[in-house]
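In what follows, subunit A forms one complex with subunit B and a second complex with subunit C.
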Partner chain A sequence: MTTDPQILVQAICTLACYSYLIKENFAYRIAEYTLVALYTSYQITRLFHSFIKPYWQNYAIGEKQYYFILMGALGLLLYTRYAPPQYRWLARYPIALSVGWGLGGAIARSPRPVFTQLMDVMRPLNTANNVLFFVFFMAVMSYFFFTTGKESKFIQGSGRLGRYIMMIGFGTAFGNTVQGRISLFLNRLSFLLTDWLGISI
Partner chain B sequence: MKREVPLVLTFLMTLLRFLFEMINPLLNYEISEGVMLFSRISFSVTFMYCMGLFMGLINLTRVHGNTIKRRREHWIYSVWLLIVLYGYAILGLFFGGLESEAFNWIYDAVIVPLDSTMFSMLAFFIASAAYRAFKVRNVESLLMMVVAFIVMLGNVSLGNAIWGSESWLGGFSGIKDWLLAIPNAASQRAIGIGVFLGAYAAILRVALGLEKRYLGGTDW
Partner chain C sequence: MEWLKRLDSIDPRWVYVIMALSLVFPVLKPIGLAISINKETTIPVYNWIESLQPGDIVVGDVSFSGGSEGELGPQLQAWFRHCMQRGVKVIMVAQWNTGERLGYTLLEETAEQLQEEGIPCEYGVDWVYAGYKPGGTTLWRQMQLDFWEACAETDMLGNSFSDLPLMQRFKKWDKATASDLIIFSAGDPGVGTYTTYFPDYNIYVGNVAVQVPGAMNTLRAGQIKGLLAGLPGAAEYELLLDKAGKAVKLMDAQSMGHAWIMLLVILGNIGFYLGAKERD
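And now, the complex of A and B:
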């Protein structure tokens, strides 16, 4: 067994988490609350040292871009949400500016990958796989045609095929997710056996 | 003033960013040697919303402070949470930050294993939920379970030992690859396009001021 204090703490944290599989208990709750607290503090520290501090030093002070001071003051208005009700509306200004900036980017950029995917769907129908891909795609799309679905027998049948294809898609996603989690579990198990207990596997 | 001005601001900022993204000379416009106007506006907006980084700290303090004050069930854990929260934040903000040895030691010793173990526990929850929810009742659930089984076998060496990739249809691995590349990709694309259209409509509603909930309550 290792005497490295860091590995010891890692092992205690891992075991505390897994103790939940038997029953909810003191060790698990401490682990859960610790993770929430540490992660929040970690993100605050990361944002502060990666954005606030360098942007302030480099742009507001270094390059004398004084509008950074104005933007910082606008950002501080976010905290008026904790002020008495008559001042809370001030928080809407920084929210509006950042949401607007994000939306403009989303309107311009978000269609690009979707259109690239749509172009790839329209493959030349020269192989069985390409034909199947196109048929499956159209079948899944037709599942969401709610306007004509009830009247048309063709759309009904195609929608049913679309439902089967979607279940295949969900099955692959489910299988991959389960395996992803199991590989994480094996990683923790390997850590406990090899790094902590020193058993070679 | 309280709602109308922010709505107009949202629209104007949306328009400004959209124009930057769509008009190339504007995107590459330099206010001075090597300093792009777009990047400066982008950085200043990032700087603005990063100023709200302490809101998480304040919210956690309010929620758990209330729990402690009212002596609600499990209040003692809230005391622990606040001690850890403030202790680690002070260590990170005032004693060396991301390069601090103590800060990184705690990150590697506690956050990494807890995070990884919490996610790995989902394997057990998924398995137990799947056992209850995915009983084979119809063709759809049968398809889903069979496909999930094939994908899992196709990913591991046990599947290769039962039905190897050199044999007919490329074994479990070959079928898994086909399932991922054809029916899965086709269905994901169709769903993705539907999701995109819905999301895009929602984005346009917010930009045009038809959707106002992101600005918060109507009582202030």
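And now, the complex of A and C:
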């Protein structure tokens, strides 16, 4: 067993996290709060050194792009959420600007990857796979057909098939999620066995 | 038959204990269960590196953090080993700052092993770790125009690009310098950056298992050319390299865990069915 304090802390925190499986307990909460506090402080420090400081030094001051100061002041308005109630509405302006900016950017850039997949839907019906894909695709789409024809037996049957197809898809995703969680545990297990206990695997 | 009805209400702690045992024992004493190699996902990634010439440059992206190391770490190491064995040069970037140091540590570990085996793997000559650069996904667009400027001309360790021989061939990231790339992604920002800004490049992906069903659309549509899927993807790659590593060793445990969950699903359904009959 190693005496390296860094590995020891990691091992104790790992065991504390998995102790939640028995029941919520003090050790788990200590590990949880420590992680949240460390992560938050790390991100705040990183954001300051990676974004705020260089932008201030290089652009606002260095290149005299004073509108960065305006943007900084606008950003500070976010914290009016913690001010007395009569000033809290000010926080909506930076949110509105960033959401609008983000949406505009996303709408401008998103179509290409999506349309590539939409084009891939148009496949020649020359193989059993492609025929099945076409049938299943139409069935799933008909499940989300909420306007006219909903009373039609054909649309209802097709929608039911679409629901089963989606359930298979969700089942696949769930199976993969389980696989991912086991992999995560195996990584921690190999750490505990090799790095902490010194057992070679 | 009363006990059968209680199968749908097993104490979860028993489930966890048996799960832990079924994972620990195969790790300590491997069973040697067969691992089949996926022709649709893993083989294209392997064939891609095999098709490159010594000296070609590829770019890798570490977009994951500690929570995904178990799956993406072995993938990254196996892929990197393959590149070095083939003499392919590697430049690494990172979209996640939380995984930047982790990715470097994993590659450094592999580089040391390769050098012990006599395979050239010198930092700055065979590989460079540019690392995380702040600025979001739009910075990746800037990298295409001027990689040096976008990265402030320094790698993660603080070395100037002008001191790294490999970087003299990589002033900007375009199809002439590196038309192929791979991203080891556990979420967002991730593959979307490349399907949006690098649609004409040959994109390969290493995903955590939970992302794989969603990634199959992009694989089928040709947006990505190959996919390493979770820990099995890493194990398959290690087998293709004929260098069984951590992933192969852990696959027995993975399979045993799945077997236990399948058994639980069957038992739970039997219990539910018998209980439902009585309730009706």
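Please note the rule applied: the second predicted complex is superposed on the first by the 197 of 201 C-alpha atoms of A that agree within 3 Å, B and C clash if a C-alpha of one lies under 4 Å from a C-alpha of the other, contacts with A are read in each partner's own complex, and residues count from 1 in each chain.
Keep in mind that, in the parts below, contacts are C-beta pairs under 8 Å (C-beta built on N, C-alpha and C of every residue); 3 or more make two chains touch, one makes a residue touch a chain.
The model shown is predicted, which means the values in this text are computed figures rather than measured ones.
Q: Answer with first, second, both or neither: which of subunit B and subunit C does A:33 touch in the superposed model?
A: In the superposition, A:33 contacts subunit B only.
Q: Is A:127 touching anything from subunit B or subunit C once the two structures are fitted on A? First, second, both or neither.
A: In the superposed model, A:127 contacts neither subunit B nor subunit C.
Q: After lining up the shared chain so the two structures overlap, which partner does A:76 touch, if you call subunit B first and subunit C second: first, second, both or neither?
A: first
Q: In the superposed arrangement, which partner chain does A:25 touch: subunit B (first), subunit C (second), both, or neither?
A: neither
Q: After the superposition on A, what does A:109 contact: first (subunit B), second (subunit C), both or neither?
A: Both partners, subunit B and subunit C.
Q: Between subunit B (first) and subunit C (second), which does A:51 come into contact with in this model arrangement: first, second, both, or neither?
A: A:51 contacts both subunit B and subunit C.
Q: After superposing on the shared chain, does subunit C or subunit B touch more subunit A residues?
A: B
Q: For subunit A, which residues lie in the overlap of the subunit B contacts and the subunit C contacts?
A: On subunit A, the overlap between the subunit B and subunit C contacts is residues 21, 46, 50-51, 109-110, 117, 120, 169, 172-173, 176-179, 182, 184-185, 187-188.
Q: Which bits of subunit A are touching subunit B when the two form their complex?
A: That would be residues 5-6, 9-11, 13-14, 17-18, 20-21, 29-31, 33-52, 55-56, 59, 63, 65, 67-68, 71-72, 74-76, 78-79, 81-82, 85-86, 88-89, 91-111, 114, 117-118, 120-121, 129, 132-134, 136-137, 140-141, 144, 162-179, 181-182, 184-185, 187-188, 191 of subunit A.
Q: Any idea which subunit A residues touch subunit C in the complex?
A: It is residues 21-22, 46, 50-51, 54, 109-110, 112-113, 116-117, 119-120, 169, 172-173, 176-180, 182-190, 193, 199, 201 of subunit A that touch subunit C.
Q: Which subunit C residues qualify as touching subunit A in the complex?
A: Within the complex, subunit C touches subunit A at residues 12-13, 16, 23-24, 27-28, 67-71, 73, 97, 134, 192, 195-196, 199, 208-214, 217-218, 220-223, 230-232, 246, 249-250, 253-254, 257-258, 261.
Q: Spell out the part of subunit B that touches subunit A in their complex, as residue ranges.
A: Against subunit A, the touching part of subunit B is residues 2-3, 5-7, 9-22, 35, 40-58, 60, 74, 77-78, 80-82, 84-89, 92-93, 97-98, 103, 105-124, 126-127, 130, 139-141, 143-152, 155-156, 176, 178-194, 196, 199-200, 203-204, 206-207, 214-216, 219-220.
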